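One chain, chain A, appears in both complexes that follow, with chain B as partner in the first and chain C in the second.
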Partner chain A sequence: MTSKSDHELVPVHELLSDKEAKALLQKLNLNIDNLPKIFESDAQAVKLGAKAGQVVKINRREGKRDTSYYRVVVEG
Partner chain B sequence: MAENKNEYSVEYGDPVGMIAAQSVGEPGTQMILRSFHLAGIESTISTSGLPRIIELVDAKKKPSTPITYIYLDGKIGKDFDKATETLKKINEVRMSSIAKRILENFSKGKIKVVLDKQELESEGITIKQVAAKIDKALNLESKVEDNGVVVNMHTRNLKEIRAATINIMKMLVSGVDGAGKATIRRDDKTGEFYLVSAGSNIEGIMQVEGVDKERTTTNDVFAIYRLFGIEAARNALAFELKKTLKEQKISVDERHLNLIADAMTASGSIKGVGRHGLSGEKHSVFARAAYEETLKHLIHAAAFGEVDPMRGVTENILVGKQIPIGTGSVKLAIKKEDMAKIKPASHK
Partner chain C sequence: MQTEVIDSIKFSILSPDEAKKLSVVKLTVPDTYNEDGYPIEGGLLDQRMGVIDPGLLCKTCGARAKSCPGHFGRIELVRPVMHSEFSKIVYTILQSTCRNCHRLLLSDEHIQEYRSALTKLENAVEDVEPEAIEERVEAGSLPMLKRLKNMKKCERCGTSKGKLKFSAPTYFYVDDYKLKPDEIRDLLSKISQEELEILGIDAGTSRPEWLVLSILLVPPVNVRPSITLESGERSEDDLTHKLVDIMRINLRLEQNLNAGAPQIIIDDLWELLQYHVTTYFNNETASIPPARHRSGRALKTLAQRLKGKEGRFRYNLSGKRVNYSARTVISVDPNINLDEVGVPLEIASKLTVPFYVTTWNIDKARELLARSEYPMAINVISKDGKRKRVIDLNREELIKELQPGDIMERQLMDGDVTLFNRQPSLHRVSIMSHKAKVLKGRTFRMNYCVTPPYNADFDGDEMNLHVPQNLEAQAEASYLMSPQYQVFSPRDGDAIITNNEDGITGMYLLTKDDTYLTKEQAVYILSIAKVYELPKPTKDGLYRGKDIFSAMLPKGLDFTGKSSKAPFVIKDGKLVDGVVTKETFGRGDNKLLVKIGKDYGAEVLKDFIFVSAKVADAYVTLMGVTVGVKEYTTSSKLEAERVRLLEETFGKINELIAQYRTRKLEPLIGYTLRQSLERMIIAELNLVRDKAGETLLKYETSEENAAVEMTRSGSRGSVLNIEQMTMFLGQQATLSGGRIKRGYYTNRVLPHIVPGDVRPGARGFVSTSYYSGLAPTDLFMHAVGSRSSEVYKALLTARSGYLYRRLSNALQDYCVDHDYSVRDANNNLIETIYGGDAVNPVFVQFQKLAADEDK
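Now for the complex of A and B:
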């Protein structure tokens, strides 16, 4: 599931499935609470309908390169 | 190019945070401490230089000079007259700025608002519009008299009349609440007209017809956070840092600034870097004690039995252990089966 960016400053957010999230954490050798966080009440999280514990993938553009960033949804 | 990519990426154990701090800190010493503004050159002056950087990294809730850059939809942005029309819809005008004086007649229970004709003309507002605004706000009938508006309060209660007067003074006559004074500018490169306003009610401004919702932005990072979320705030923060340094002709690799923005927004909200933010929330007791408020942290840790895992740099320097950077960040272990192959050192 992807949200359309509604502002220049907002990169495209993407909700990962539980399976994808698990594979990601395994690949990065991380615990889920090591990831940066995004609140459930965050404008973009609300748009995606993300629930606490899920992982959001953020498709960033740094200079000329596309990079991805991940945030775990937390309550708040 | 793809093959070279890895040559430029950091290696495991690189202290990227420390390098970022040094890379911003050193050129920061060359920055102007307090810049002087030249009157008349720009209608909206913004904080710049070191004070602005401090404001950003301390995550101040409101910038000292909020500014919104309002871009306009395609056709409107190319037409000066249409852009001016949109400007009038946004530009915040309060009664206190268009009224010459407000006269209270307590014996008759009337308030007379004497308006400044010149101000009215320059803002493009008619007296009738002002009267209609007052009617709506106070739910009363008011009359237009040659150069002002007379409001009949139908009461002689001093308190009520005074309250109404104060209400009228503060009243929003036209524009968007909290938008501030707006001016029109022209982009030299594209020839496009855009507006700059000295407020940060970006949400209200975006409701106005003709405003480009995708490009309109503000220097108020928290306003962006509330409206668009943490990722947009991170981008805005990094952008503002870059812009401020660029204004001072200081070149810092943008990855350092991105890292600072990432660290400040990692918790899901914007945190400053100081005592009340990132440094104050470090896990290690010693690292916090080494920074500021030493006793407070040590006493708290002693009273509550806190445990320091000694994984950071500061606490290891403090006790004189090897710091976990570069080769210091790996621990060596030996497999059990290899252990058996090693011959014990022979002693003579």
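Now for the complex of A and C:
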């Protein structure tokens, strides 16, 4: 059965490794709490098996440009 | 400066003992001044509570009015009263405890249960977020309170709780017996600290019986200053009035108690005392009448001072009045540049600008200091921070003492950077920097091309002017906030500072194909543009309007655009083809202003707008553009056309109605037959409106008609406006957007209409014009429509204003960072890249690609 999260309008989520996450925060000059949040129970987080404290990268296509958004996984 | 970090703040209730310690005087006399106008000792303006007259000394601290912080006094109430703002808490406590044994109405097991839950929460505070704790407390305490409320009798001593009733704001009844405040106080005082903790009350610092007042703190006099009127009469603050009331009743109650008056009289006075104390705290307490001044105005007591838009928080703390600012009426002056503001001499001589004295400008500073009229120095601030006002007596001395490093405050002069603002400040261009230009007169003068960003007009609008007080602020203002850098809107990149009104009409008339000027006219117009070179004349010695326009354009400009569907071509700084309209300047995707701004810079752009508006004004004045009744007089041909159009439409509509009656009408998808009919009729009426506009333009071809010419140039008025004046008014709509269908009973608008008539005339379609005059029924329909739109406008502004306030407060510190990410003040990431593409709309330019041309 196809899942809703496979729909073409759902942007591709990927889980960053701890090393990647650390590099990202360094690059953006952020504390981990400064990132937007995503619930552990979010369908995408569940699919990736993301745990609180990890960072999820969301690849969107806005207009004619690819952009990345980052979210920190939180309990809930 | 030494700073400390505040670790925590704790609020608690004042105990009578504390109140006694806090106060410096017990007030006994319910009056203010004696016959000599001297504050009565023990009265409400006792000098031990501080003084307000400068010169007098405070009897407590010995300081003068300015440095005395004020001291509290107290009123000792002979009978206690409830504190109205806390009666809800008192109700909860009374409901939860037994009146006989003063224990919680819970079994020991339950108490144990709640207590352990509480301790667990307390221990968890460290690592749980505050919101979570709040949630858990609510989850735990709400059912507990509910259980307590439903308890009928005490489980320990078996006493029935009786019927406890709370009547706002301060009355409590048990089985219809009214509890007196002292009885309530006794009940509250017997509850143990441990049990109060379960109810969430920290009894160590806040005993519940302190919610029943026996000592009332009286705020110092500088909190409620009395004012002396011109007539020498004294007028007291509302709070003082209220306190006089309280003391007067308190005294009468005491006298009656001592005289052993009957219980009824005592109770009445007691209740009156309660009323005065309640209104002293909050004069808008629900279900009691507000205390009034002699004049009938409701008194402004403690709560009213703090609450709402005009309260202490929103009026004095979130928004303060500032120094170095001025406000007056604005008026037009097309001779003032876009980035200038005309400042009245009166204001310029009051406002000051700091002049930082250095080795290099000290001569100039001395020169200013020596002057005794307009551009002169006001204050000198020496290096050690002492501020001295320049007066004739010390001028010589100050000139001698002046040295590099001093700061001199001089009057505002031409070219000084100022900030100009009009409220409501809805977007960033509501505050822009303008260079001061000191002028005669008493109004601020501004160029009318900068009115759109401020949304200003000159029907009495007032604006504010601020003077930045240091070099960094001045530089920042002049580089970032100057109108020439704000020409293009950050919303969509369209020009918001452009020619408008006459500035368009004039350009339009000047650049028309058949515009020719005599040599005299050409020289006059060009002199206004400060161009001193005549273009080539035609064979008969005349000058083309297009050539005059070209003379104002920057050298070598190449531009191709469109104006009202005709091409608009500039080649090598010469207008070759086309007429200037509103579109040419800065709307949509072909903008002359964008091109000039991009290729020649903001300065050139600013001067182009300024000069072209000035020239346009001059040309309009020269030609004389007037709108009168003749502009709206219908020709017989047009009138015949109007009748034909309406007859045709009404015929079609009648046909639709006939089809509807016979059920032959094909319904629209998703609509009932009746809805379909309504929609079809409306569609027909819209169609006739558009057709009428087209016909109007077809018949009104004369270029003599100023109203039509203004519409064509885009400067003012629309085809619809003219159509409503010369042909017919058209459909009048209601708030809901549909046609008017109610008003008189039985489903019709007016009595002479047959119920259920859906023809245009019966539902608010007006087929007469302003020029021909409206029939009485049409006038009624028009009035319905006018009222509707007026009401709608009022509702819309109120709603959108509040919506905007919430939105701007929520977004106020969002900022695009150097890496194009959007962050807030706490460095929270809002967006990785601004708008997903880091594009600033101000710099977006639309350009046709060769590929587009082929299509």
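Here is the rule we use: the second predicted complex is superposed on the first by the 71 of 76 C-alpha atoms of A that agree within 3 Å, B and C clash if a C-alpha of one lies under 4 Å from a C-alpha of the other, contacts with A are read in each partner's own complex, and residues count from 1 in each chain.
Criterion: a residue touches a chain if its C-beta (ideal position, glycine included) is under 8 Å from a C-beta of that chain, and two chains touch if they have at least 3 such contacts.
Since the structure is predicted, the reported quantities are computational estimates derived from the model, not experimental observations.
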Touched partner set for A:Leu9, first chain B, second chain C, both or neither: first
Touched chain A residues, chain B compared with chain C: B
Partner chain in contact with A:Ser68 - chain B first, chain C second, else both or neither: second
Partner chain in contact with A:Ser17 - chain B first, chain C second, else both or neither: neither
Contacts of A:Pro36 with chain B and chain C, given as first, second, both or neither: both
Contacts of A:Leu28 with chain B and chain C, given as first, second, both or neither: second
Residues of chain A contacting chain B in one complex and chain C in the other: 36, 62-63, 69
Residues of chain B touching chain A in the complex: 213-215, 217, 224, 226-232, 235-236, 239, 254-255, 258, 262, 265-269
Chain C-facing residues of chain A, complex: 28-31, 33-36, 60, 62-63, 65, 67-70
In the complex with chain A, residue positions of chain C that touch it: 819, 821, 823, 826-833, 836-837
Residue ranges of chain A in contact with chain B within the complex: 6-11, 13, 36-39, 42-45, 58, 62-63, 69, 71, 74, 76
